[in-house]
Each structure stands twice: as structure tokens, then as C-alpha cells.
Amino acid sequence: MKKLFLSVFASVTALTAVAGGHDAFWKSAGQPYKGVTLQGVTENTPPGQFVSEVLAKDFEKLTGIKVRLETTSWDQMYDKAIKDMEANTGIYDFVYIEQDIIYSYLDRDFLVNISEGLAANPKLKAPNVDFADFTTFIDYFKNGEGDVFGVPMEAFIKVYLYRKDLFENTEAKAAFRARYGYGLEPAKTFGQYRDNAEFFTKFCADQGMDCWGTTVQGHTGHPASTYELLETIFPSFGVYNWGINMDNYQASVENGGQLNGGRAKAALRFWTGLLDFAPPEALQSTWSEVGASFAAGRAAQGWVYGENAAWIATDAERSRVVGNVGVSLPPTAEGVMMQAASGNGYIGYFDGGAFGIPHSSKNKEATMLWLQYLGQNEVQADWAIAGGRITHKATYSDPKVVAVDAKADAYFTLMRDTGYLFAGAPPYPFHGAGRAAIDPFIFKALAGELTPEEALDQAAAAVDELMKELGYAK
Amino acid sequence: MITIIPIYWMFVVSTRSPVELFGRPDFSPTFFEKIYWKNFTKPFVDGVYAEYLWNSIIVASCNAILVTVLAIMATYALSRWKLAASENIFFWTMTNRMAPPAAFLLPLFLLFSIVFRYDDVSLFDTKLGLILLYCVFNLPFAIWLLKGIFDGIPRELDEAVLIDGGNYFTIIFRIIIPQAAPGIAITALLSWIFAWNEYLLAATLTSVYARTIPTGLAEFVTTTGTNWGAMAAVGFVSMLPALVFISLVQRHIVSGLTFGAVKG
Amino acid sequence: MVGSKRIPWYLLSPTIVILLIVGLLPFIYVLIVSFYNWNPLGKSDEMTFIAGDNFRKLVFDEDFLLSVWRSIKYAFTTLFFEFIIGFLLALSLRESFPFRPFFRIVHTLPLVVAPIVVGSIFKLFTVSGFGPLPHFLKEWFGYSFNYGRDAEQAFWMIVFMDIWHWTPFVTLTLLAGLSALPKDPYESAKMDGANGIQIFFHITLPMMIPVLLVVVFIRLMDSLKAVDEIWMLTSGGPGVETRLAGIHIWRSVFESRFYGYGSAMSIFLLYITIVICWLLYVVMTSKQNESNA
């Protein structure tokens, strides 16, 4: 009842409150913790920078609580947070939790139950923050009872980007129809995707343009390529949860998994086949180079992480294709869209992260205040524009966000309306180790050292072996 | 020439905006026409890189001084006395440098954050911690390099000082240091450089207060794009203090060389 | 020096204390962990004592042994080139020629660039597509360069990067050694009418052995455990072709969090490094003794 009241209250205030309308609460609630310094760790991305450069400063002004944010590289971020929590050193008061690692953290009981903490300390509960205001993305950070362990700070979907100027080019349209016998349009099926890729590679070459048919996140030594396969290509071919059987954690077909099944092999063959139509840097591209290649106008279409979609479409300082970016759902195999709509599958990757509080933190209460500060509706719009991320339902309709949305070919709208078709990483506590076991075989398949079939057979065997070693196999 | 090309490339990269970097391969000196200043101003003026740079200078310099002093003492001892264990100590110091870092980071982390901790103060995320830590790979190097040089200094000189009534410190200051000056200068220089460039240990053992330039450079690699331009710019600027240091030390090396110059 | 047995220990003590703390303590920890099965993200995060099982597993672990082999290959290849180029540079830098001070400074420039930047700059320089190197190789020589696919190219590229970065170190260290050589043998050799090459092989080289050892050892050790630059450039790709031992251990410890097994691999690598260095040490010092005799 109290919760219901609060949420009604919160949504009313969210509508009426102007920014800073709750200054009084933050001032009084922060009073006991004045002078405390909170330390956190996150990746050095635009949303993270916005937190440390804008939000942390505002929060300090209001409450007198200092927030020092360590911004670091992606692999360091994990390692440092885990070391701190394992050793119980208490260096960090809050850590960035990427969606895919949350299960490992919950499994090890690293994190403070924020819902419980707030219920036990009503004085800390901010009147204008309600977890019900968040998008469904917050569900990834809840345990079985619905208690929240992490306050979402960013969320994206991995979408299909295409070059409107190329797809609408009349010459290209005519040439495409003449060659393939049907109309040129953004891909809905893999056949179309391949044809588009092949067509534009040749079309661009003929026109003397430096562009190719598709991006491929195909770095032959970096986990980014494994992620593109497992989280984007596989599900859109109908292979879910990395092809690992959720009941016994086995991957090979003979043990009940899917990783070396027919669909998975078809997916990998399709994907490595795209390398013929990708710019030469594809084999050295992680997520960062894929975004840069697309922004440089070097690809006609491709799967691109949502955090890059907004800047590619709008930031002329970093992108040559401003105004020409089309955003759409990724292509899928037959039946996959239906499965996803009915909740039995997904078509791509819903990615993002939250801030959580390690048990080892010595300033849990002040940190809860800080995380709630980040969870206010009022701070979301500017944050969304700075970082291309949305975690609150109300943010979609904010006028500032709507204006950016229009320039980014309705990426935000797409995320709002079709977000439910996407899913985060499967709930594996062995996330990192599992992926690392698959890595070498994907790298070899991309480099052409193994055929896709061999690669997946060996990868599946390696995963099965690993699960025995870790004690998960049943 | 080969030395210069990558440096030149780094400079070119540091002057270009992200849009200009990804496109046609372009090796021309575009910086005559236009420099994209944001690569420099964003990290140094708006950002914390000036602070990182300062931390790096302190850590590298203090470490180089500490290492050089300790190494002169230790090497002198190893070079002049036949201790029962001297051969073993000598080799053991070396093994400290061989350890592959990955597995050793966890114990070092525990050591810094838990073992050496008094109340709220620990070695973790302090410059002092890094200064001490870098001894682990610099001391072995310095001792080994100096050993060969000290061994070459005739012992008769030592004994002459002792006969004149000097003690061991007089020997070190009057004989060893002047005789081995170029070698000591190079030792200090290289120790400084090793400390200056170290990344893995610093990345794990610092957080916000003692971050060094290499850890800051790694921050440019993110999932939403690597900021090559700014990275090159910071890399370029961070060469400058090193250059100053080198030219200071270089003078000693040069004078030492001409002093003992022989045709080889 | 009689009656001064204590003094060397006073002089040594600070060094030994520091190295005990930051060197030996972590080593003992790693050694202990290497006898346990420990993965904090496993089904059970307990450490279980398994005696030598990690080491038993390791000698049959093809992936790891291959990575060690790659490391050794890498270390000796780079050492070979760096040594020759570095020695030539060191000798020529002693001669005076126009712009020598300028060249002295310039040749040390690569050393002061942080490895992580070296890796990035090389990546941007050599990445197919928009890097200048593959572009001009193609344009001028018709040579297609893509280290994302070609293992040979990737290997030689990391070798080249290492040579570029670390040759100045060899040069500087050798200069230090050259500067400390006594004059007398040279003068007597000249009186005997020896030519430059004879002097080099019979006097300079033997007398330089202690310093040569330092260079060889330091470079071997550092490249056997190399991580940063290669991580930035190839991350171990294509496939696992440039996954050196350091990177292999890094991945097992940081991505898969096999602390126990990772520790065992580290100990093994450490052991191999010590053996290689010890063999070299014995060989080179015995030669020195021969030539002195």
C-alpha cells in the first residue's frame, strides 16, 4: 500500500516538478553524510563521463557528499570491481555492473539489496525516485523476489543501421532490381542482407567510393567478435543463450546443446561469409572500430551497438554520415520474430549496465542516496542526450529527447516500442569463462584457419569441458 | 628514419579530428593547414590528464632516484665483497623482474590494500605505493647494469682511499660515482623510463588519486569508440617531460663518453 | 677488505627488504595458490587443495605450451635483431658526426612512448582499410597486408614493433657499458698492430660481456612476459597466432578467473625464464673466463 502510494506520488511529482524541485530532501537527507567521499568505478564512456562531470558535481553541491568516479577501460573495470569485492577491501562504494556480469555477482552475493536497504531506512528514500519508473531493463538487476540490486545507468539495443542516401539512390535501386529481380530495401531476411552487402560492395567500387556492403565486428583476437556472434547473429538465427542448454549447461548437440547444431553452423557460415563484403578493417574491428567505420561512411549497412547509433546519426565532429542514417530492427530467420514476440526467444542484444553497492562499501547509506539521485526522472533527459542511453519510461517523451530522436531516425522510439524483442545476456554465472572458452575458435573461423563447422564443433567441446571443470555440468 | 615515422604518425594523428582519421589513408602533414585542438584541450584543460601527468612525473622521478641510490649501495656491496651468498642474492634479485604480471596482480593488490593498512590509510592508490612497487623490476635491472661497470673499476683506487683514512662512503662518493657516472646516468634514465611507461601494475593498484599517464591512456579505448586523436595527443605531450629528462641526463652520458672515448 | 663483513649487509639491506616485500611475498602467495583449484566464478568459489594437479594438467595443455613456444620464438627473434642493430648504433654513436647530439636524442624517442600508445599508434598505422602502411604496400609493391588474417604478417609485425620500441634500450645500455671500458688494453692492442675488427672481437666484445648479459637478460625477460603492446595491436589474433604466454595467462586469470591454474602457469613460465637465463649466464660467463685465461 505504501509502495503504491509512493509510486502515485512519484509520478505526480515527476509531472509537476521542475528540475531541482526536491532540493530540500537531498539537503536534509545528505546532512549526516556531509564530507563523505564516495568512490566508484565505471567505463570511460559518454554516459559515464556525464555522471562524473555533471551529476556528481550537482550532487556534491546539494548534499556535500563528494563523488569520485574512476573511469577506466572495459577490461580493467571488471577486474578491479571483482578484486575489490572478492577481497572485501571496500575501496569502491559503487561499481558499474554490466548486464551480463550481474548473475556472477548475485551468485557470489557481492551486492547490497537496495530495495531492502531503503525499506529499512525510510529517511533515505527519495520521494521522487521509484523503481517502477524505470524501463523493463531494471528487471535484469532484480533477484527472484523482485528486489533491486543495481540502479540502471545505461541501456541500449543493438540495432541494424543502414545508409539512407545509398538505399534511396535511384541509380542503385535500378541496378539492384536489374541484378536481383526485386526491390532494394533495408534487409529483413538474411538473403536480402547478403544481397545488399554484395550489391553495395560492387556498386561502391564501380562508383569509386570507399565503401563496402556491411560491417562485421570481426576482430580476430578480441572478444568483441565472439559477442557479435553469440548475442546478435545467433539469436536472429534462432539460436538462443549461446547455444548452451540451460538445464545441464552443456553446449554440444550430443549433450543437448545447440552450439554446434545446424542453425548455429549456418549462422556462423553466413557471418564469416560477410567478410567478403566488409571493409578490410573488419578483421581488426571491435565494437569501437565498427562504429568508427560506419561513421566514416565505409559501410552501407551493419549491426551497430545502440550507444553508437545516436552519435553516428547526429555528431558531425565524429561522423560523416549525419542525416543519412537509417535505424531498423535487425534481419531475422523465419519464425524468430514470432518466437521473440511471444516471449520464447529474442532477436538481438539488450545491453547496458547499472550501478550497484558492494557489501564491502563503508558508506552504504550515502551511496544509496547517490544512486537514487541518479535514478531521478529529472536528470534523465540531459543524460540521454549526452550518452544516447535511456533507462526511464518517461524519458522517451521528454521534448529534448524527442528532438534528438527525430534526427537519429527514431532510434529511441524503436527502443521503446521493440525493446521487448531484445534480451540481455543469458543468466550465466560463468559468463566470462564461458565466452573465453569459445573465443579462440571464433577467431580462427574468422581468420579462415577453421571452417565454421569445425570451429563450432571444437567450441562446443571446449564449453562442455569447461563446465565440468567449473562444476556446473550436470 | 624508421624511428621517426611512427612518431611522426603519432603527431599527425594527434592533430586530426575523429572524422578525418577514418577515411582514406592519409599520411600527409595536414597539421600545417589545420590542427584539431580539442584532442589537446579536452584531456589537459578540461580533464584530469594534467594531474595524471604530474603523478607520473613524481612516481617516475622518485622511483628513479630511489632505485639509483639503492642500486649503487647494493651493487657496491656485491661487487667488492665475496659474500657467501652474493652469487645467490645477485641472481635472486633478477628473478623478481621475470614474474609474468597477470597472476601477481592479485597478491600485490591484497598486499597493498589489506596487509599494509592502518585504519583507513593503505598503500593502495598512493604514489608511495607505486614508487616502492616499481623497485621490483627496476632494482634488478639497475643492479645488474651497474655490477658490470663497478667490477671494471680497479680496486686499487678503493684501497688508496682507505689508506688515506677515508671510509666506504668516501669511496662511493669519490671513486665509484665519478668513475661510473655515465653508467649511473643511463641506469637512472632507463629506470625512469620503465617506471614512466608501466601500465598493468599501475592500472590495478591505483584508482583515482595516483593514476599515471599510461592508465589514463588506456581509458581512451571504450566500447563507444576509441578516441585515437586524444590518445595520440596525450601520448605526444607525455613524451615531452621524458624528453627533458633525457636531455638532462644525456649531457652526463656524453661527457662520460668523451672522457673515456676509445675507438672500438 | 678485512673486518668489514657487516658493511656490505648494511648496504644491501634496503634493497633486500624492498624486494622481499614487493617481490618475494607475492611470489610465495602465487606459489601457494598454484597448488589449489580456485575459480571465484565457478560453481564453488572455495579453494580446494589439489597438490600438483595444476602442474600435471599444464604439461599436457597444448594451448598453453604453444603460447610458451610462441613467446620463446618471439623473445629470441626480437633479441637477435635488437642486439645487432643496437650494438651497431651504440658503436656508431660513439663516433662524432654532424648532428650527433640531435640523433642521440631522437633515437631514444620510441622508449619514452608508453607501450599502450605504441600499440595503438601501430594499430592505426597498420590496420587494413585506412592505415597508411597496408595502403602504400599495396599501391607501391602490390603487396597485400592484412594482419587480421595472415599469421606470419601478424607475428612479424609484433616483432617489428618490439624492435622499434626497444632497440634504443639496447643501444643506451651498451653505451653505458662502452663508456666504462678501461683504455689500457686498447692501447696495447694498437701497439701490437691489431685492426678495428680484431680489436672489436678480441677486446671490446669480451670486456662487454657483463653488460651484454644485462641487455640479453632484460630483453628476454621482458619479452617473455610481454602483454601491453601486443594486447593493443592484435590482442593475440589472428586466431591465437600471437597469443604469447603473457597474454594467455592474462586471459585465463582475468577473463576466466582461473586463479589456481593461472598461478601454476605463471610459476611455470617463471621457471622457464630462470632456466633460460641461467643457461645463458653459465655459457656466457664461462666463455668470459676462457678468454680471460
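Labels for the chains are A, B and C, by order of writing; each one numbers its residues from 1.
Heads up, the rule we're going with is that a residue touches a chain if its C-beta (ideal position, glycine included) is under 8 Å from a C-beta of that chain, and two chains touch if they have at least 3 such contacts.
Since we're looking at a predicted model, the values are computed, not measured.
Which two chains touch most often is answered by the contact tally, and the pair is B-C. Averaging Cα atoms per chain gives one point for each, and the point farthest from that of chain B is the centre of A. Measuring from the averaged C-alpha position of chain B to that of chain C gives a distance of 16 Å. Each chain gets a centre from the mean of its Cα atoms; for chain A and chain B, those two points are 39 Å apart. Counting partner chains per residue, chain A has residues 79, 289, 293, 296, 298 touching two or more of them.
Within chain B, the positions touching two or more other chains are listed as 21-24, 106, 110, 218, 221, 226. Shown for chain C are the residues in touch with two or more other chains, namely 130, 134, 252, 254.
Remark: chain A residues 39, 41, 43-46, 68-74, 76, 79-80, 83, 87, 89, 91-92, 210, 287-289, 291-293, 295-298, 305, 307-308, 311, 316-320 touch chain B in the complex.
Listed in rising order, the residues of chain B touching chain A in the complex are 17-19, 21-24, 106, 109-110, 113-114, 124-125, 203-204, 207-208, 211, 215, 218-226. Residues 75, 78-79, 82, 86, 104, 107-108, 218-223, 279-284, 289, 293, 296, 298, 429-433, 435-437, 440, 443-444, 446-450, 466, 469-472 of chain A are the ones that touch chain C when the two sit in their complex.
Chain C makes touch with chain B in their complex at residues 1, 4-5, 7-9, 11-12, 14-16, 18-19, 21-27, 29-30, 33, 91, 94, 101, 104-118, 120-122, 124-125, 130-132, 134-136, 164, 168-169, 172-173, 175-183, 186, 196, 199-200, 204, 207, 209-211, 213-214, 217-218, 221-222, 224-225, 227-228, 232, 245-246, 249-250, 252-254, 259, 262-263, 265-266, 269-270, 273-274, 277-278, 281.
Those residues of chain C lying in contact with chain A across their complex are 39-45, 63, 123, 127-130, 134, 146-149, 151, 234-243, 251-252, 254-258.
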